[in-house]
Amino acid sequence: MRKHSMIALGFVLVLSLFLSACSSKTGSGDNASGDEILVGVLLPVTGNNATDGKDMLNAMKMAVEKINSDGGVLKKKIKLEVADDGCDPQMATTAANKLVSKKVVAIVGGYCSGSTLPASGVFHNANIPMIVAAANSSELPKQGYDTLFLINGLVPDQAQSGADYFKDKGAKNIAIIHDNSAYAKDLADFAKKSVEENGGKTIAFEAINPEEKDFGSLMTKLKSLKPDGTYFTGYYAAGGLMLKQFKQKGVSGSFMVGDGSYSPDIIQIAGSEAANDLLVTATPTANFIPGAEEFVNNYKSKYNLSPGPFSALSYNGMNLLVDALKRADSTDQDKLKKALKETKAFEGIGQVIEFSDKNTLNQSNFHVMKVVGGEFTLEK
Amino acid sequence: MDVFLQIFFDGLVMGAFYSLIALGYTMVYGIIKLLNFAHGDFYMLGAFIGYALLSFITGDGGLNAGLLGIGAVFIITMIIVGLAGIGVERIAYRPLLTAPRLSILITAIGVSLSLEYASMIGWGASYKVYPIKLSKNGLEIIGAQISFAQIGLIVLSALLMLGLRLFIEKTIYGKAMRAIALDQSACSLMGINVYRIISLTFFIGAFLAAGAGIMSGVYYGTINFMMGFIIGLKAFTAAVLGGIGNITGAMIGGLVLGLVESYGTYYLGGSWKDVLAFGILILFLVFKPTGILGAKEMERM
Amino acid sequence: MSILTVKNLKLQFGGLLAVNDLSFTVEKNTISSIIGPNGAGKTSVFNMITGFYRPTSGEIELDGTSLINNKPSQITKLGMARTFQNLRLFPNLSALDNVKSGMHCRTKEAVWGALFHTKSQKEEERLIEEVAQECIDFVGVRKYMKRSAKNLPYGAQRYLEIARALATKPKILLLDEPAAGLNFEEKQYLIQLIRRIRDEFNITVLMIEHDMGLIKEISENITVIDYGCKIAEGTPDEVLKNEKVIEAYLGKEDVI
Amino acid sequence: MKKYKKHSLLLLVIVMFILPLLLDIYWLDVLTLVLFYVVLTQGLNIVVGYTGLLDLGYAAFFAVGAYTTAILMTTFHWSFWLTLPVAALFAAVAGIIVGTPTLRLRSDYLAIVTLGFGEIVRILAINLDITGSSSGIYGIPRPTIGSYVLSSQQDFYYLILIVAIISVLVVYRLGHSRIGRAWVYIREDEDAAEAMGINRIRLKLLSYATGAVIGSLAGSIFAVKMSAIAPLSFSFLQSVMILLAVVLGGLGSIPGVVIGAALVIVLPEVLRGAEDWRYLIFGVALVIMMIFRPQGILPKKYETEDRSDLDEKEETNDKDHSMSV
């Protein structure tokens, strides 16, 4: 029977671990609400998407630093509480619950749609407003949460801008490839719809595995289909390799990628030669935005890095939250929700934010970019 | 026809990678009946160490390394990873050689996790880009294109495999390996240093996997810390396909798997590729567990 | 009256003919033996009779029922139990749990009973416990009952394996070299044990053995095989005088 | 003695029921996850711990439960409680489908085949429309009891707690029955078990099916708790984590496996500060564990008598009769 006393002991140990851990945590949480406003950040800071996640976090920290040095908001300083969602739905819910337990006032973040979806449900249940800076699957607004605000353009808009570009260039036969991630599949589905509505034809609709490296036989297949344009909706790691092999195989037509691949890394992976003429549908980064020079320079001098694809959006998201806090003049969640909803022509870097009745952007800001000489340029 | 041939070449390139990695699997399994889950991670380690060395000797990531330089990096990397293979065997597997199968399998999973995340901490989670650019030139054979890089890749892996074959068949060490595969305790009674031969086996397995790793880095251009996982599983499939424990079988199995995946991608679509690979694996394990080249086992009820 | 009949049994491994055209019968309530030099195919015969090997051709009948194409577990249920040449106990389990395994084919409670502790399940568990303890007492290893099988002295492990086989309530018990590794006193005890199995339980015993002294003492009937063929049959005295048998063993074993 | 054991278990259950009142929502969520793992590990414990069949694709059964419930509730508007038996049935069938071809395989081949099946299930979930392909299934309704809607963290904590207690009970009772003993006999020595009249094929399939049903139960609750499921939750890494919990705790040992489940979930949370280091620490810990304490933290004891009670240590002249697989 000694065994059972050991079990009991083990359990008591585990439980005391819980209790001590949570009591210390809640304690610090209460302190934070004294002269600080705690804002939750939900981003992938580990794992495959950590690069973009950290770029976003950097921009948010920059925004918070500026706000706090300007005297903060509601006479309090902003403090960030970062939780890692790892782009994994299960990790994301735990991370979201962690943020809720810390009594954050609001959330900024959300990179992968796949993990943002379940997390947004947690925040909705806790009535905490969430400003989503990057994730833009059309499934997000479909949930109808009044706590969820999307400041990136939506997938259908992006798909439309890609399809329109193809139409303008007279490209009719389009091959669409996605990487089976929630977001890429969504974008691919809408792209197919848009292409066909524009009178074009989807001659191939293919999926790849995101970790894939060899697209030899897929490119052989594309080559035999002779597309006028190929649209890859997945992320840059696979996008770069695919582009390289696309050019190696000499597949006809132009190669376009979605904003998941909008990163200088895609040029580096494919090589600047192969990346020439690569098209990207995306919301332009700060570099292309008139008036964003200051942001870009500050970012570069602070982190010794160029801003990532979603840095500007994250910066805007944080500033929008502060703006709404000021207008609400309270950290009360219902008031904050209302203030966010009533945002009128908030001027961020490269975008003017106003929400539709579904809490999505009234005005999409997607453009087509083109790589020339190893650099992204604004095409349309 | 040209498309058919083109897919054949595409499959051959993938198959060459599978074969090289499958060799290590099959050798280790043949000798100590250990399913070395961490084997694919030696491939990853090879890619990363090759990357680090290239960056180190040239200062610019190997952009201006001559052919000789690249060759040297190739060999040094393979030796370093080979030694890492010995290290892993000494630390993690040797204490467990007589332990139940389950323990050693779990250990292998632990080693795999450790290698992966140690690399992630060392080199970061994002994709690293090999800066060596390969020429796009190549030959055209009946309408199908095959680049010199692809030819080089296939030739190089064929040479490595040929070397291994000769080593196993002609040298005293190779003989000792084959003997241990048959009866370990008899070998130690005959005065063969079994542990040393096991170490050697791990060295060679990791050595070849590392070679495949650098080749993949140079050929595809990107590496990351998880790159060894899926390819490790595929290589295992290749080893089973050819008859596990059988060196020639591993080579053939790799090529067959590469071809099957290549044609599968073309006709069924890329997302079904892994289902195809695992489906084949299951079918073989169930209906012909001894593989293409394996002998028939006695029927037991 | 015969309980086990083997007719024209043949077993081929690839090109090797392990058992060739073997026929013999075992009479009810006898103690019989199969002997032969090493590699003669004795254990292969046992493995075919108990269903572990599928014979290439031939017929095996237990009490008039054909055993061909039956799984080992079905054959055990039909009333045949066996022990193994190299002890095959369940090493980590207690001696008692080892013996309980024999009762599996004589009981029938399934998941339902286990989950809800039904009355019949409790009854059955009591029965299993009772029979297992009886068998343990019968072979005399009660003092090791609660210890892991692998921690038992070697002799006790041998007796335990017999107890486990008895718990299946067999009509016939096949012992594969039961005396291997036992010392003189232990062998004497084994002889007593085998006799008691036959006399008290009316179980027929068929064994493979190398120890001629032991065989002479308790076997009533002996079948000699060499290279998979039967070369002699009869009482110990008849068989051991047979020239073919002497030839087969010559210089190989310290016969007689 | 028995009374003492009962009391401590009862105390434990009471503590588990009171805990939600003391914990903040984050730790409640972590504890809920631990309980999910308790259910999953108990299921896997039957397959790996009792029967000795190494299964590296157990997450597949978790997936079958989650997807069955999700599809029935969203597309066909079934009540949650009605989906449970259907999910269990599907899982049992899936278990038999996985089990049948693996029956004749050796342990490490078996591991690979189950891994392959696990991956196939995940890839199917990604590629099929009925499973919502890669984005999975969203908006799974909350279960109701009468007019009460289970929606808060607490509700799901209690739901999974009850299921965890039931599954522990089920696995305990099965383990101490004729069926459970037969599983262990198969693990210890398949041939000897067969010779004792145990139909190993039928019992192995029963083991797979029972394990699968328990796993699917966890999956069904997971679906309604998360209200959204995606293929990523049913990856190979998930299978490995469940297996780790079983092995760390001690194969076949119910309390051990419960502790293993708690460790596997709580450690990464505690190590969250270590971010990138945690999986490395995990990997190294596994290796060390296997070398120095392969039987797990709280191993199952089969000797019912204390070794120290025996007067002398007798020479055990046993030949090597370990499984010659």
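By written order: A, B, C and D. Residues from 1 in each chain.
Operating definition for what follows: contacts are C-beta pairs under 8 Å (C-beta built on N, C-alpha and C of every residue); 3 or more make two chains touch, one makes a residue touch a chain.
A quick note: this is a predicted structure, and the numbers were derived from the prediction, not measured.
Path length between chain A and chain D in the touching-chain graph (shortest route): 1.
Averaging C-alpha coordinates per chain and comparing to chain C, the farthest chain turns out to be A. Per-chain Cα centroids separate chain B from chain D by 33 Å. Here the spacing of chain B and chain C, counted between their Cα centres, is 48 Å.
With centres taken as mean Cα positions, chain D sits 39 Å from chain C. Once the centre of each chain is set as its mean CA position, chain A and chain B turn out to be 36 Å apart.
Among the residues of chain B, those touching two or more other chains are numbered 125, 271, 274.
Along chain D, residues 126-127, 276 each make contact with two or more other chains. Counting partners per residue, chain C has 52, 71-72 as the residues that reach two or more other chains. Looking at the complex, you find that chain C touches chain D at residues 50, 52, 71-74, 76-77, 81-82, 84, 86-94, 96-97, 100-107, 109-111, 113-115, 117, 121, 124-125, 128, 146-148, 150-154, 157, 164-165, 168, 181.
The part of chain D that touches chain A in the complex is made up of residues 1-2, 4-5, 8-9, 11-12, 15, 19, 22-31, 33, 126-127, 133-136, 138-139, 151-153, 226-230, 232-233, 255, 258-259, 262, 266, 269-270, 272, 275-276, 297-298, 301. For chain B in complex with chain D, the touching residues are 33, 35, 91-92, 95-96, 99-107, 109-118, 120-121, 125, 233, 236, 240, 271-272, 274-275, 278-279, 281-282, 285-286, 289. Chain D contributes residues 48, 52, 54, 101-102, 104-105, 107-109, 111-113, 115-117, 119-120, 123-124, 126-127, 240, 243-244, 247, 251, 276-277, 279-280, 282-287, 289-291, 294, 325 to its touches with chain B in the complex. On the side of chain A, the complex with chain D involves touching residues 1, 3-8, 10-11, 14-15, 17-19, 21-22, 25-26, 45-46, 84, 88-90, 93-94, 97-98, 100-102, 113-114, 117-118, 121, 125-126, 137, 139, 142-143, 180-186, 207.
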